[in-house]
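One structure, pasted below without further comment.
Order of writing sets the labels: A, B and C. Residues in every chain begin at 1.
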Amino acid sequence: MIFLFTDFGAEGPYLGQVKAVLSGMAPGVQAIDLVSNAPSADPESSAGLLGALSQYLPSDCVVLGVVDPGVGGIRDPVVVRADGRWLVGPDNGLFDGVTARAEEVVRYVIQWRPARLSASFHGRDLFAPVAARVAVGNLTGLVRNVEGPQRAVPAPDIDRVIYFDIYGNAFTGRRYSVALKRRRLVVNGHMLSFARTFCDVASGCAFWYRNSIDLVEIAVNSGSAKTDLGLQIGTIIEWTD
Amino acid sequence: MIFLFTDFGAEGPYLGQVKAVLSGMAPGVQAIDLVSNAPSADPESSAGLLGALSQYLPSDCVVLGVVDPGVGGIRDPVVVRADGRWLVGPDNGLFDGVTARAEEVVRYVIQWRPARLSASFHGRDLFAPVAARVAVGNLTGLVRNVEGPQRAVPAPDIDRVIYFDIYGNAFTGRRYSVALKRRRLVVNGHMLSFARTFCDVASGCAFWYRNSIDLVEIAVNSGSAKTDLGLQIGTIIEWTD
Amino acid sequence: MIFLFTDFGAEGPYLGQVKAVLSGMAPGVQAIDLVSNAPSADPESSAGLLGALSQYLPSDCVVLGVVDPGVGGIRDPVVVRADGRWLVGPDNGLFDGVTARAEEVVRYVIQWRPARLSASFHGRDLFAPVAARVAVGNLTGLVRNVEGPQRAVPAPDIDRVIYFDIYGNAFTGRRYSVALKRRRLVVNGHMLSFARTFCDVASGCAFWYRNSIDLVEIAVNSGSAKTDLGLQIGTIIEWTD
């Protein structure tokens, strides 16, 4: 199974071209859109989201990750193995959240280049063919090992807003832990208490909770945290008693 | 074939996680996004849309329906059989439009619970595994029958706007019938006549017509009914001669 | 492989219904969303985009193309063979960009009609069944040949903005050629030089480049050409030394 984690949007011309390549080179392997609205040109926030999501992906999947403001520049294209999962994409920090949650990490640099490589769409020309090859288990001549296997280095939490879902809920890069539960979250001048879920607070009330991928999330019951609290990607969160 | 009818959005992190579960538990069964922008937190409007759509779905399909403002609260998770079609989701009225159009309805409550059940994402944790089990024909130990088989109770039409498509056309919850054809529809102070289709009215002209899923729809040729007539989900429609 | 090129949006109720038909009539044939936000009701701009994309599609694919402001009116439904690729949709110019890039073109008019044909959704009722039949290689009784095989007539370039991607980059309908490289592009009072890619210009700088489907594209590094330069679909471009 190949998961696509990108900032390509669902409607545009990019995802379909990537899937055409995958389908041609790895026939019968399912390609699933995991996230198509990753924080654009923001590999660090994207890494926080992808890392949290990765725990909910099959343990032997391939993730084709493309949030790649440096496309056409000098960053390396890489394949990373984090426990059983394979990650294919640019070496710009996008996979740090996944590797931080893994036991063992191996890094490879992609050496192979396609006959035709556009300056702006390595997702289609470079990463999709490599992801397809990884999915069918054929890495011969594709990559060279640069690091590991070695124990992963835990990544620090990201104490800011990293993503908004369609309801305007704000994902932060802070991993939930039981110790946080009795603390209050301060964001943009608002002080929010923990609640288990939406039904536990009054309509219009802002709170923080453990979301479905184990991140601290800011929400407003029957409202939009983004709009109602004036949040944006990057807004800092702090903790108080 | 499993159809996904949700308010999750196409781009966010929710649909992909649901599909990962379906693909793992019901391999080879196709999952198709039917609607990803159902009226959010509005099961009644969503029911009007899903009911009308259901006539155009294969007669033996599974619909995984999640418009679920009460997630984490006390509403039951259910499986409903409406003629040959299976519906899996929350018991909050979301399936009333489908059952109203069926001959025979059977209702089950889902008894099974996953080892790990998040407070906010039953789509992934509870409904997707059940839908996958339904799709492969294995309901053993999953549900208990609570009602039926019995004849369905017809649902009343919903005389208001229930959905906007991408063009700004306004779907109402009123089912088309020939008797309506010579009547005028009154909405937000505008009085609209019937037309067969866009080509039959002048550019900029507002009208109502029988849409492709047999609902009364309000449209403006080369315009947006939503913007041009100031409509929103819930705007009341009335009929006059 | 069937590619869907439409202005239906990714989230609404249209694509899913089309895929249900395809999946039922051409089981095992993959349907891929290529573009779901084609310039709405604008077959000419859409044709510029689809033509450029077609070079990157498998040489024996089927394209189901629906940008169809005249649905329900008098335009013919057609099947076009452009070299190995099959195109199914309305005869309104939508396929001109593909045929202009082909060696040999054959045109057919669709004679078959479904038992139930809605006035507004030929994508589901007419084009999807035909595309499915084309994909499984069974055109018997479906179409009559009206033109060709004959050499394609090259289409002129379209010197205006035809599409915006999710980043606000503006695709034009002008095909890239080496001769253009030292010329400047004038749009909305701005004069833009060529750059190879985003990394080659300063942040905030507007430029034009050869995009990944070989069209001239207008972009702003770390910005939105659409917003920053005040562009819209149809904005004229000119060339100067």
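Going forward, a contact is a pair of C-beta atoms (placed from the backbone, for glycine too) under 8 Å apart; a residue touches a chain by one contact, two chains touch by 3 or more.
Every value quoted in this text rests on a predicted model; they were computed, and no experiment measured them.
A.B. asks: State the superposition rotation angle between the two copies chain A and chain C, fitting on C-alpha atoms only and giving a multiple of 5 degrees from 0 to 180.
C.D. replies: The two chains, chain A and chain C, differ by a rotation of 120 degrees.
A.B. asks: Between chain B and chain C, two touching copies, which fits better, same or different residues at the interface, with half of the numbers shared as the threshold?
C.D. replies: Here the answer is different, because the shared fraction of interface numbers falls below one half.
A.B. asks: So what's the Cα centroid distance for chain B and chain C, whole Å?
C.D. replies: 30
A.B. asks: Could you pull out the residues of chain C that touch at least 2 other chains?
C.D. replies: In chain C, the residues touching two or more other chains are 9-11.
A.B. asks: For chain A, which residues count as touching chain C in their complex?
C.D. replies: 7-17, 19-20, 23-24, 40-41, 69-73, 118-121, 124-125
A.B. asks: Could you please specify the touching residues of chain C with respect to chain A in the complex?
C.D. replies: 1, 3, 9-11, 30, 32-37, 49, 53, 56-58, 61, 163, 165-167, 196-200, 209-213, 222
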